[in-house]
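Presented sequentially are two complexes of subunit A, the first with subunit B as partner and the second with subunit C.
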Partner chain A sequence: MDPNPTRLDDLMLNDRGFVFDPNTGESYQLSTTGLACLRSLQHGTTAAGVLAGILEAQEVDPLTARWDLDAFFWEIKQLGWL
Partner chain B sequence: MNHLRIAVSGLHRGENPQPGSSIVSAIRLAWPEATVVGLVYNAYESGIFAGDGPDVCHAMPYPTAGLGSYLERLAQVRAAVEFDWLIPTLDAEIAVLAGAGPQLEKLGVRMMLPERELLARCGKAGLPKLADECGVATPETAVARDLAEALEHAGRIGYPVYLKGPYYDASLVSSPASLAAAGGAILADWGTPLIVQEPVAGTEFNVMGLGDGRGGMLGHCAVRKLIISDKGKGNGSVVVSDRRLEEITARVLKHTRWTGPFELEFVRAPEDDRYRLLEINPRFPAWVGFPALLGANYPAAWVEWMTTGKCRTLPVLEPGTFFLRHQIEVCGRMDQVSSLLATAPERNPINKLTNRTA
Partner chain C sequence: MNKQPYVAPTIRRVSQATANPQRLGRTPVMEAIDGVPVAGLLGEHGGPLFVFSEAALRAKIRDARRAFAAVYPKTTFAWSYKTNYLNAICRVFHQEGSLAEVVSGFEYEKARANGVPGYRIIFNGPHKTAGELRRAVEEGAMIQVDNRDEVLALAKLADELDREIRLGIRVHVDTGTHAVWSKFGFCAEDGEALRMIEWMTENTRLRVRGVHCHVGTFMLDAGAYATAADAVVRLALAAAEAGCGTVEYLNLGGGFASRARLHGQYLPPEQATPGFDDYARELCGTIKRLWPEGRDLPELLLETGRALVDEAGYLLTKVVAVKQRMLAGGCPALAAYGKGGSNGTLAAYGKGGPVSGAGGNRRNAVVLDAGIQILYTTAWYQPSVYPAAAPAAGMQPTTVYGCLCMNIDVIREEAALPEMNVGDAVVIHPVGAYNITQSMQFISYRPAVVMIDPAGRVHLIRRREVLEDVCGPEQVPEYLAETGEIAEEARVSVT
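Entry: the complex of A and B
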């Protein structure tokens, strides 16, 4: 999955996980992991790279991480960020 | 610029706030010493009593009384207090005054408004055709000359529908009986036509700005409504930056070669993510004071353009900045009200509590 650089680059994030989408005017609160994933995507990391980052940073079963990450990608795709 | 002397209308900031008070505040930000004359229709228009409100106010006849009555009264006001410029801020006034520039100039008053023909094209009745010409989606809309036609249109579009007047009032009606009741009230207040419109559920966006008359803009500010009042007014909105919205706005401005203030109202339905143009307002919105507070003073740029011919572009507001409408109390005295209720020009105009006089 290739990130959509335009929409992702537009997102305004702060360190507490607050996200403002200037295209829609909607705001969101991300978990720490969600924030790390989104920032990775903003830096051009691929989906596989994001998963590898999670596995490296956290003690988590790879299948569970993959499952959760897919759900996260699905959600942000609905928002038009991917 | 010489000492600015300007008249502004639409000073009430109640549940359905009018733009005039925000425009007066923005003018005061740029020219604190300006002489501002308030033209009011009601002695209890709250902006009369605002701290940074007009120096002096005069009562006017309702625009529905016609251009003749309006000009006659304006001449009386002009004789009582000198001003050189007029900013009408209400749709009903603008409809009456468009094309009346020469008559106003005879009174020593100037203004800038879109041509009558353009106003008709952009009005609620003409909007579907204009939107089509611009390639912009709009809700299904039909224009009715009377209640019978409105009922016919509503039956075809399917209930519920919005029923709108030519300038103000919009009611969501869900049956022929409720349409008849709402339509009767609108016709009594505002006359024909009645506009029947398909309701589109979604997120509401507004774009305000200044058209340069050559198809471009001196600036614009796009917001998404965050808090919507019972009357559908945006009591809080956040600045957005959506290229699609900007592109649609630019297309409408280019097609109309719009001159001066405008507000475009949109709704974006979640089903198809498309913007639909709901209305074009030929004036600043009531929230025009918000960008002015952040350095994008549209009324000041407009006044500067009118009075000196100098056009300057306005700064872009940062997405994520927002406004909330904050109701406060303003104080008055009954003698101010009684002065305003007197319509004859030789009687006292009402002065502010500060007793400043024009």
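Entry: the complex of A and C
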């Protein structure tokens, strides 16, 4: 067991993108990409690595993906997960 | 490696809506209309684009005629021009045997230009000019007289022409389901309408041969027509009893509901909207019950519009921007002061923690390339918004904005849509009633309209507007006629 779990580690996710944050009691719904991003972050992938993963798997230009990912990071930072 | 379609990374706080996906229902994809692919229609004609299904138009009027003919063979439908007066649409209904029902001189001219003879036109409405009345009388139109001043104008015209004029009298009835439409005609219930019929008979050469009552619009209670039919039949019989002659037709107007959904309507249209058989049973059953045995039943005229055309019309439009809309109470700035709406509420239970309003308390929103200036009926109804391609992800509550630079331009406050991307096409339905006739040129051009015939061929029935359509009627005073750059001295310095 990790002696110093982070807020990110605390999150409970299912395969349909449902997230429960036990620290607040709040629940969230992620898009499929949002779920993949969050899982990558939980596994220690860097922001650059997450972006690269999206670009490799999906039909999107780098600028659009970067914009959306930055917005996503901003939101989960607001939640205290990063 | 084949890449997948892009889905943006998003997070939404689970609300009542997302916690219960069943609440959103299933939004089917609408990839084609009458077998014609939406993508092809947009590719060929551009967007936004109104599309009408001729097969649906014909199926509806045939279904309506079947339902009424089964219980009251002497029923005739008149196409309500104001509901949709695109010539192609009108001509479909005229081909199906419908009269024309018009409410202005303009609509009268349109019906005549569509080849409808005057005697097959019902001329309704509260404003008919002297010239329009004269033409209608000379051409044998069925004028439905609305008010005292029209009675007097027609009486003078009858004297001038030295002949009787046969007409219908418009009345209003309290059916208990609607605000009484007392703007129109005379009251059938307090004796006013009967007094007017008697007065016309005794003092003029006007002869009342029809009674007209339009109880309201989008009548979800078919029983209202029983109430209205009761009142007009009693009036017709009282008029005959008073020696005013036989009423030959009863005109029960329109108002049958389409399968649109009102704002705040709980039941879906499939459950809430009566069928033509329901209206026919209430209306015709009442007439037959009250009409004296042995006397010929009067002809029944109906001016149904919305129920015949609404579902045949679609608007094809595209997503031009994707947004996240902050919901009420989700403002981080407010949350910082303990006023973060739902977060604030949670904070009272110790669950506020670091959760700010920004975190997930947003809703998907899309901006379309069409706005409420061409979807006038969205003020009262919530049309369905269908993706035109198979969704890549699950449904989310989504606010659908129009393209106007106006904050009121909201087509749907909350529609169930998958994650949308710029360029994705959506189909808005039903929009066949009133949106064409009530649309306004505002900010952008009005779109083209096509009709798909029963063989699947696509016909342009109204081209997209161009600058000349808007500026053609304008005139510029001579002193403003010179064009050119703004005079240097008129420029405002911003330094």
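One rule holds for everything that comes next: the second predicted complex is superposed on the first by the 77 of 82 C-alpha atoms of A that agree within 3 Å, B and C clash if a C-alpha of one lies under 4 Å from a C-alpha of the other, contacts with A are read in each partner's own complex, and residues count from 1 in each chain.
The working rule: a residue touches a chain if its C-beta (ideal position, glycine included) is under 8 Å from a C-beta of that chain, and two chains touch if they have at least 3 such contacts.
Keep in mind that what you see is a predicted model, and the values were worked out from it rather than measured.
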Looking only at subunit A, is it subunit B or subunit C that touches more of its residues? C
Quick check on the superposed pair: does A:S31 touch subunit B, subunit C, both, or neither? Answer first, second, both or neither. second
In the overlay, answer first, second, both or neither for which of subunit B and subunit C A:I76 touches. second
Of the two partner chains, subunit B (first) and subunit C (second), which one does A:D10 touch, if any: first, second, both, or neither? first
Please indicate which partner A:P22 is in contact with in the superposed arrangement: first for subunit B, second for subunit C, both, or neither. first
Considering each complex separately, which residues of subunit A are in contact with subunit B in the first and with subunit C in the second? 23-26, 80
For the complex, which residues does subunit A have touching subunit C? 16, 18-19, 23-34, 36-37, 54, 56-60, 64-65, 68-69, 71-72, 74-76, 78-80
For the complex, which residues does subunit C have touching subunit A? 1, 3-14, 18-19, 324, 332, 346, 351-356, 358-360, 392-394, 396, 419
Could you please specify the touching residues of subunit B with respect to subunit A in the complex? 203, 205, 223-224, 226, 238-243, 273, 319-320
Give every residue of subunit A touching subunit B within the complex, in rising order. 10, 12, 20, 22-26, 80
